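Down below are the structures I want you to see.
Across the two complexes that follow, chain A remains constant while its partner is chain B and subsequently chain C.
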Partner chain A sequence: MTDRPHLAVIGAGPAGLAATVTAAAHGVRVTLLDSAVQAGGQFYRQPAAELHAGRPQALHHQWRTWERLRDALARHVAAGRATYLTDHHVWFVERRLNQQPGTADRGGPRGAFTVHALLGPEQEAPVEVTADAVLLATGGYEKVLPFPGWTLPGVLTAGGAQAMLKGTLAVSGRTAVVAGTGPLLLPVATGLAAAGVEVAALVESADPRAFLRRTRALAAQPGKVAEGAQYAAQLLRHRVKLLTRHTVVEAHGDERLEAVTVAALDTDGRVRPGTERRIACDTLAVGHGMLPHTDLAETLGCRLDGLHVQVDDEQRTDVPGIWAAGETTGIGGAALSLAEGHIAGRSAAARLTGAEPDPRTWATAAKSRTGLREFFAALDTVYAPPARWTDLVTDDTVVCRCEEVTGGAIREAVARLGAGDVRTVKLLTRAAMGWCQGRMCGPAVAGLAGCELTPSRRPFARPVPLGVLAHAGEAEDDEHQ
Partner chain B sequence: MSKRLTCDVVVVGAGVVGAACAFYAARAGLDVVVVDRGPVSGGTTGAGEGNLLVSDKEPGPELDLALLSGRLWAQLAEEIGEFVEYEAKGGLVVASTPGGLTALGRFAEDQRAAGVVAEPVDGDSLYDLEPHLAPGLPGGVYYPQDCQVMPALAAAHLLRVSGARLLTGRTVTDVLLKRDGTVDGVRTSLGDILAPTVINAAGTWGGELAALAGVALPVLPRRGFVLVTEPLPRLVRHKVYAADYVADVASDSAALQTSPVVEGTAAGPVLIGASRERVGFDRTFSLPVVRALAAGATKLFPFLSDVRAMRSYLGFRPYLPDHLPAIGPDPRVPGLVHACGHEGAGIGLATGTGHLIAQLLGGKTPDLDPAPFRPDRFPDFPDEEGA
Partner chain C sequence: MRTPLDLAEAHPDPAFTVTLDGREIEALPGQTVAAALWSAGVTSWRTTRGEGRPRGVFCGIGVCYDCLVTVNDRPNQRACLVPLHPGDAIRTQEGTGHDD
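Presenting the complex of A and B:
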């Protein structure tokens, strides 16, 4: 197998898995790397094996798709066509410019890239994988917006609640409120309810009825309509109260969450005075949608389009030899990630083996990609945080948890010190300088500073020990000089 | 929004140099407006480290300016020190070989003659000053006058207390001249600002601003990367660097130089900086460069091997061919005053620069002879793009 061209795929979610099995089936050797201990990404996030969940499939739909991908991956691994590296945290992808320039449309020269990863939960030992081409399938992360009380124990992100459900299964006997905006709130609310949690309310700041008016995008996606109807039925069955055009204004509690105050929003996105009411709960799952992970792509010099990696019809970035698929190229759900991963795998396999890719071989995936992108673009126009969410952030609300920077400090940096963008707010307040490097507070800082969220440059996708950095890529450099 | 403003002095650039110019000019009683196309500290000031060094400078005009600036920073610290994280922590230059120590000793002797406090440190005392240094180093020199500030905060708070008016988000698109060729103000993307004096504190873009006034000033970028670690307790107490650094700073070469300065900060992270190379305005991340920084730092402080780099950033130092800044009135365009081209020392030299310019504007005798910094000292410098 070693004479096959070598593709490194980063991320084993729906996109990375689809790309891996497709490319491995078409003449390419694939190394799939993921930081998680099990494959699946956000969507197929697995209950830890030792829990022996009786029917994990009860938590998932599209379980069969997952089984098919998992089995195909196992076959390719057994046959030596694919290597699957779990618990590998990629901190940097190096473009080795000292290589002889090769045939760019074949994905670049042989061994053009080195993927630098850190191994294990401690992320200490270095691993380097040299590949002819790289596919970025790093998915997305949740957009978090602060409000008074959001740092109390018991307040989770929507994804955190989902992971809690799928990962540990131990949630029953609680009372939860699910809040924020976007279609992800539905599976979270129904999932919690199905696991025995009392869901006191689903608080959605948008008015999803507006979405129903967009009949074109909907008509093209009968599956999605059915999915939505299913969720609606489940909400009804579990008697989950749906509050649209409402928002959580504050979370209360001494040591941990005890209640939330919710209120109605007017058409300008302001809280309507007098509509506040308190709901007792011990869990609050808040979600405002997802943002693409673009660190690795940005550092490689791939062009971004707004907040996501820009790709062509074949899922190629503008850097020769780098493909991208799934939510790193735009948020659009698991089915879209699968379609994009499939196309990327096909394209990379063809180009790496010296063939001209034939779009007819991925026509079905391309059709579903077009429809889903349209569908999610329509969703995006409807689901949004309250236009005036920053009004809710009081001066003493902590915005950056890592560095404990408050809303007041950020406002002062803008109003009195002349900060004007996320970078200068960061320099003048230390917001976004801590462990998460602004992945958590970036959107909030941008909102409070009154500027657009732009992708920040994070040369290291993970913190890297200086001892590892001091020798990174050294061996190959000697080899090739 | 395009109403006309009138004032005594327009400062172009809200970096640390522009902020210091505004501060001293306003304190001298002038009505000052500061304009920047971006936010405060959005240029190289936000990408630099805050070393206020005398230790790396050989005797000459730059060292004189550094000594003056150091005294002014100490005075300022009484007013805004805690806001700008001012620390008089001292610098420690270490030699790696006995031969290197001898050379460093000679360098320090010359500096002492020029007014620098430079105390020889033997092999044992080295570890009293910095217990975590790599073992077996022969010695070094301690420079108590080396200090530190947080550059972005320094610029912001200098502006805040200056009394100058600050206009961010306005690009200067032209320097307005009267019929007789003297300065009349600037044109910005949001209207004209009229003033008899315009200070060019546009840093690495100072050449472009000079060109708007019709004069040449060959400011070019010299790229630098800095590594930032996770927050740590104070394990590195001073600014510590290897003696090779001085040669790097003074070097004229375009090639990469990476002997690092290692220092702890008030906020906890250790800063490791900075590389020097001339590659134009290229923002591409370079693994070989940061690898060399990491290697240099872990060689000085082995414990850093297990410490994580959180991020790395880069900036473009503004340099002039003879590595001295341009400070003072431009005889070619009366009313145009330059304060740019401070290369890797602009944070440190900002106070002295602002002070000298305020003295010159006020017709006072400057504390230092400004002749070596004359902005028209590069006659017919060939146009050179991002060498």
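Presenting the complex of A and C:
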């Protein structure tokens, strides 16, 4: 297998898995690198093996698709066509300048890239993987906008509540409120309820009924309509109160969450005075949509379109030898990720083996991709945080969780010190300068500063020990002496 | 009361003991620090550097760094990622975790 061209796939969620099994089936040697202990990504996050879950599918949707991907990966690994590296936290993909010449017609020069990873969970020991091409399937993470009390223990992201449930079969309390906006809130609320948590309310700032008026996007996705109906039935069965056009205005508690105040929104997205009511809970799972992970693509110099990686019809980025698929190329859910991963795998396999890809071989996936992109574009016009969410951010609300920078400090930087962009706010206040590098507060800081959220151009995708940085690439130097 | 373990029909390997600030708590094999602490009813295990405010899990997937904790004298470990082993000593972390 070593003479096969070598593709590194980063991320073992739906997109990365689909890409891996497709490329491995079409003449390419694939190394799949993933930060988790088990494949699946966030959507198919698996319970730890030692928990011996007899019915993990109780926590999941589209389980058969997962089984098919998992089994195909195992077959390719057994046959030596794929290598699957777990607990590899990729921090940087390097374009090698001194690669071997002469194979540029095969999708790029041989050994053109070095993937730099840290071995988990400590993330101190470095690993380097050399590949002819790289496919980025780095997924996304949740966007949460601040409100008073959002740093209290017991307040967590909706996706985080789901990840802890799926991966470790753990919940943080007995009574939860699920809030924010977006389609993710439905499986989070029904999942927690099925696991024995009392879900006191599902608080959605949008009015999803507006979506029903978009008949064209809906009619094209009967599967999604059925999925929506299923969630509605489950909410009813678990007696979850659905509050649409409502928002959480404050989380209460001293050392931990004790209650939230929710209120109705008017048509302008303002809180309607007098509609506030308090709901006792020990858990608030809150989210306002998803953001793509684009760090690796950005440092490779891939062109972004807004916040996501721009790709062509074959899922190629504008950097030769780099493909991208899944949430990193735009938020659209697991089914879209699968379609994009399949197309990317086909394209990469063809180009790396010196063939011109034939789009007819992925016609079904392409059709599905078109439909799902339209569907999620329509969803985006319906699900939105309250238009006036910044009104809720009081001057003493912590906005940057890492550096404990308040809304007041950010407003002062903008109004009194003249900061006109996120970078200047950061330099003046330290907002977004901490551990998470602005991943959590970025959207809030941009909103408070009155500017668009832009990609932040982080040099590395995660913290790297200085010793690792100092020695990175030494193996490559030896090779060429 | 129904639990997530019931829902997934989980039959975990036998629990083992770890400590939180010297106090013994039970943990299931395969659980992360965060999951074991949640199961023990603990939702906060760090205080912030500036205001000394309590923090626990926020993103649950290793992105936000809010759930930092000291495990076996190594500070700043993400509780949502780090798996536990028998006898591990978890300590609540104050500030940077390097001062105590």
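The criterion applied here is as follows: the second predicted complex is superposed on the first by the 464 of 481 C-alpha atoms of A that agree within 3 Å, B and C clash if a C-alpha of one lies under 4 Å from a C-alpha of the other, contacts with A are read in each partner's own complex, and residues count from 1 in each chain.
The rule is short, and it goes like this: contacts are C-beta pairs under 8 Å (C-beta built on N, C-alpha and C of every residue); 3 or more make two chains touch, one makes a residue touch a chain.
These figures come from a predicted structure and were not determined experimentally.
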Chain B and chain C placed together on chain A: clash or fit? fit
Quiz prompt | Touching partner for A:Tyr141 - first (chain B), second (chain C), both, neither | solution = second
*asked:* After the superposition on A, what does A:Asp421 contact: first (chain B), second (chain C), both or neither?
replied: first
* To do: Go through the superposed model and pick first if A:Gly450 touches only chain B, second if only chain C, both, or neither.
  => neither
Between chain B and chain C, more residues of chain A are touched by C
- Message: By the touch definition at the top of the document, which applies to A:Ala161: first (chain B), second (chain C), both, or neither?
- Response: second
Between chain B and chain C, whom does A:Thr151 touch in the aligned arrangement: first, second, both, or neither? second
Original post:
In the superposed arrangement, does A:Glu404 touch chain B (first), chain C (second), both or neither?
Top reply: second
Just to be sure I read the superposition right, which of the two partners does A:Trp435 touch: chain B = first, chain C = second, or both, or neither? both
With chain A at the vertex, the Cα centres of chain B and chain C span an angle in degrees (to nearest 10) of 90
Distance floor for C-alpha atoms, chain B against chain C, superposed on A, in Å, equals 8
Check: chain A residues flagged as touching chain B and also chain C 434-435
In their shared complex, chain C is touched by residues of chain A numbered 35, 37, 42, 47-56, 58-59, 120-122, 141-142, 151-157, 159-165, 167-173, 194-196, 255-256, 282, 401-404, 434-436, 439-440
So, in the complex, the side of chain B touching chain A is made of residues 14, 38-42, 46, 152-153, 156-157, 159-160, 166, 168-169, 227, 229-231, 267, 269, 272, 284-285, 287-288, 290-291, 294-295, 297-298, 304-313
Residue set of chain C touching chain A in the complex reads 1-13, 28-32, 34-35, 38-39, 43-44, 48-51, 53-66, 68, 74, 77, 80-83
Touching chain B in the complex, chain A uses residues 92, 94, 124, 299, 301, 413, 416-421, 423-424, 427-428, 430, 433-435, 437, 457-460, 463-467, 469-474, 477
